[in-house]
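Next up: some structures, all given as structure tokens.
Each of the next two complexes has chain A plus one other chain: chain B in the first, chain C in the second.
So, the complex of A and B:
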């Protein structure tokens, strides 16, 4: 038996928002693989919950008319990884969420819960950040659109008001088109583990595939929130792909990160991982895009 | 406080349970329905000993609210044997391959392996290990478990293509 106080059961998004407006202290319950465990551990014992897990209108993925990919927040990691739109246009997101937990956790965990939880190790968050995702946030007052870049406010803190709900995650067409990504999760175990460090890189190459048009690098656990590395991204713009460029990218990412020591790994080890994973993931993304690394 | 009813199909039979909304699915199926194959191991979704199939997919019933089961089709280990008590091929393979020692994790492993043995795509040993990564066994060292799943998968594929 779980030690929560009241379970408000919403049968539609409109009803969920009304319940949240009336009970702003209650938490939305999606797949529960974070919240139910915190209740079990006592950290959230006695909370009120608004059950939204049954709301199928918040589930699914589609390619919209404007070419953007819309991911509804209650889509499970398994369903993200298996979805034909993701497999065809954004395979790196499927690869990233496939590194989460084990099969049972990927069946219950939701992509919306992963990012609203606000932890820097969230495997889906790192790739969504690397693709400049845009969030649709709703409340009884209406809808607001927020770049995912502005969503994380601090460790475990996100820009969601007490009456707001994440209703959609959108990847604009310009962001995924002709873009190839690679995700590396470094963890102690191959499954059922949280990232010691996560790195998601994507590139758009010039027509001749000899130089980089656009490079985007995002890290998890390299700072209190998932972050991008603007200095490295800027220096790669228009550059010919060479081994020396990869090394420069590896050095430049260090200027934008701020990892800490934890029981999982020391700050020094994380800094080494950051440099090495940025280089490896960039090389893999370039290969997926059809480019070669000139020595 | 039994304040909510949940109707779902369990092992082929439609059933209605009166539950406390704070119940997990494992509380409901083990406590109310007496399905003792569901083990309360870690109770936080790490060990897989409470694994059941919900609409064909493996879930940890300990971190699944009982109210979410409304309208769902659930399969537990009890649903694999016939009413006369004859066990299924995957259960027999676990016995034959020595994949059972203390037995506590066994129902969870067998339920997690069902999607593998029912798939038409042969899984490599690495893929089998990935599919059972959400289940812990402290006795066997896993090799015999992988053997049992691999053997049953090959047998099922051979039967289907015959």
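So, the complex of A and C:
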């Protein structure tokens, strides 16, 4: 049994925004796979909810005219993973969301909910971070465009005002074109788990596939929010792909991370994983891009 | 034997897979009230007062009971047969609700409400004033700090301690040329994780308290509820429907005593007390954490001259099964390698940890982890072959354990080892993997075990069975022990059909136990159902057959000695001459105008024997050193459980046990906040129970012996498959990396710490 006070049912985005403007303390309910857990634990007892789950206008994925990939926030993880646009142009995102929970959770859970929840272990968030996603946020006041890089404010906190709603996640064409990514979720078991550490890497190689044009590395659980590692990305730019370079990348990522010790894992252990996963994910991404690692 | 050893479908399979099978909460009567327990938020101290004013304001609250209201009676909860000898009785150390708080989440008050939500809300609004004491989670600390003992009756915090010495240890170690190897091994707190959380409901009917609960031990729960409430035992009735797993957790009185009391508070209205998953983790029972100090003196030829064990067992706040597990572990240490001088010492102490109780294989997975790891450490130290160390020293046919008199009536252990070795190519690979380098390495490991079948002579072993012949020649069978998913109902049907001489479809097993009508049996535990309850089934079936034949003899003017039952027909013995059918006998005995005699039998078997089951695990693994991960490449259990009754369900038992063993070896352990004693991972997200994706292909094989004491040549199988997995994996890691890891499970962070210590992973300076 779930202890909530009122459930408002929105039939359109406009109505959802109006309801939110009138009840700013109320929470938007999408798939519910985070909120229902919190209510059951008593953390949100007596909460008001605005159900947006039936709003199909917030659901779906398309390749826009400008070449950007637009993902609506209510798209389920299953639909993200199965969508032809994702499979063709951004397969790593599908692979990442396929590591979430189990089939039931992936059917009900939404990508928008995953990033608005604001936790550093969110598997979709790490890859979206690695691809410089751009968010479209709406309210009764209008639409606001925000780089995803600026969205996470702290653990569980995101830049979303009390009357705002995430309406779209966009990956610009330049960000995904000729780019190959790999995601490694490190967790204690192969399903039904949250990441001890998540690492999403993507590369754009030079034409001859011998050197790196662009490298982007994002981590989950390496800091209170999903983060990028600019120092490692910078040092890889234009470099010839060698085993020594991979090792340097592994060392460089350590300079931009800030993992904590918790009862779930120690800082030292997470640092070990960060270095190792950065190297392994980079190697895999390079292989997907058609490159090879020279000794 | 025609039926024993075949593989008919489980008798409960259809109902269970189609959702027709009824479990406790499926049977809840309409308008039942819901109860919720308030659990303490301290681990040690006293409840001084409650403020219930806000809780009473919650709409729908019917009653609130606190630790100051319950009967001043201490009662036991362990699912052991009661003893008429006071010194052997289980410890009575808990009340229905407790003022003296002994562990985090102790039961201190309860709310009965019209809805679950109202009960939850009211529990949340109860304010408690505590007087706190320092939290003690460690056994040695508990033994040292006795200023405020957890239980007045035990001022030294010791639940019990026992010791034994076989031969003269001090004399034995004087022998020249011995190598001494010692080690300390640690096993953590783990949970059973049965799929159906602890839950029950209770109501009053005809002046009696009726409790419906998926317990392993309905007759024992009846007695314990009577003890807890101070009510005559005959006024308590326990009904046990299907249950979703027990693994020993339900070999304890859990929600039943308080639930029974709560219904008496509301005039006998039905009250349900359903624990959440989290409560099932924190507030029921766990597997004992144990620490072992082991020492072995080994001769150059690999024979053991002397061995010594000290085991410290962490009981948690309440006695439950208490010292029985540490004593069992200490006994198994002696039995496994009964050579040379052996001495053992076992201590069980109260701490502020959650209460530990029975769990699959009852202390033996702990000692097997310690002992079998230790054997490979001896091998590492001396260079002696691990298989040789085992085969040279292990228990042999005819062994009689001194202190318990339990005798080895049959053993296929040597053949189990051969079969495992052959499957894995162990010896060759062990040498090939000895000196590897690089980040990814392979290793092989193995472990053996012995396991006694049933609990005689430590406890009473008794079982009663009733069989009633129907007019159509079929029969109802009632067994006091319980179906808990292990397949007991199916093997009892097979045994009955085999012994009476009827086909399987003629045997209707009454799965549900009702203590008002079900014959007495102590319950489903100790892998005793096919052995002890099986003896009672066999004895009752023999009586049923005799009665049918006696009546058939009257009908056919023959001597019963000349008759037999084959495939539902009465035949001339040793011929296929059919005289009449069992149905003819049933109809005539029921409706005869001159000699009606309703054929029914009930027999008790008082079991006064025991025997050992054996087995091995062999495994090959791959270790990813930088990522601190273990991958199982191959794993096989080979068991000597005597004659296998049902090949399919036996394999199922082995697979399930191996899965639990893999969890114990690689994934599962509880974490606690050292300051408060709160369990940190009491949920299925943070407690890493394996998923199907984590489960490797499991191989199961049997070496069938014919045990002369088993009713059909059989020995225990329910618990044993769990035992050898964790040490086999641990020994494989040793083979792969050269690192001895003496605590289970071998989860990634433990591997990280061990590999850093061993220099396989570089130590990080304070980098960032």
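Following the convention adopted for this analysis, the second predicted complex is superposed on the first by the 294 of 295 C-alpha atoms of A that agree within 3 Å, B and C clash if a C-alpha of one lies under 4 Å from a C-alpha of the other, contacts with A are read in each partner's own complex, and residues count from 1 in each chain.
To be clear about the criterion, a contact is a pair of C-beta atoms (placed from the backbone, for glycine too) under 8 Å apart; a residue touches a chain by one contact, two chains touch by 3 or more.
Quantities reported herein were computed from a predicted structural model and do not represent experimental measurements.
Applying the stated contact rule after C-alpha superposition, one finds that A:70 touches neither chain B nor chain C.
Of the two partner chains placed by the overlay, only chain B lies in contact with A:78; chain C stays clear of it. Once the two complexes are overlaid on the shared chain, A:53 sits against chain B while remaining clear of chain C.
In the superposed pair of complexes, A:107 makes contact with chain B only, with no contact to chain C. In the superposition on chain A, A:9 makes contact with chain B only, not with chain C.
In the superposition on chain A, A:273 makes contact with chain C only, while chain B stays out of contact range.
Contact with neither chain B nor chain C is seen for A:146 once the two complexes are overlaid on the shared chain. By the document's definition of touching, of the two partners only chain B reaches A:33; chain C does not. Shared contact residues of chain A with chain B and chain C: 1, 3, 102, 190-192.
Note for the complex: chain B touches chain A at residues 20-24, 27, 43-46, 48, 51, 57-60, 63-65, 67-68, 70, 112, 115, 130-135. Across the interface of their complex, chain A is touched by residues 115-117, 120-121, 124, 626-628, 667, 671, 673, 680-681, 684-686, 688, 690-694, 747-749, 752-753, 756, 761, 764, 767-768 of chain C. Taken in their complex, chain A has these residues touching chain C: 1, 3, 42, 45, 102, 186, 188-194, 196, 254-255, 257-258, 263-266, 268-269, 271-273, 276-277. The residues of chain A lying in touch with chain B in their complex are 1-4, 7, 9, 29, 32-33, 36-37, 40-41, 51, 53-54, 78, 101-105, 107-108, 190-192.
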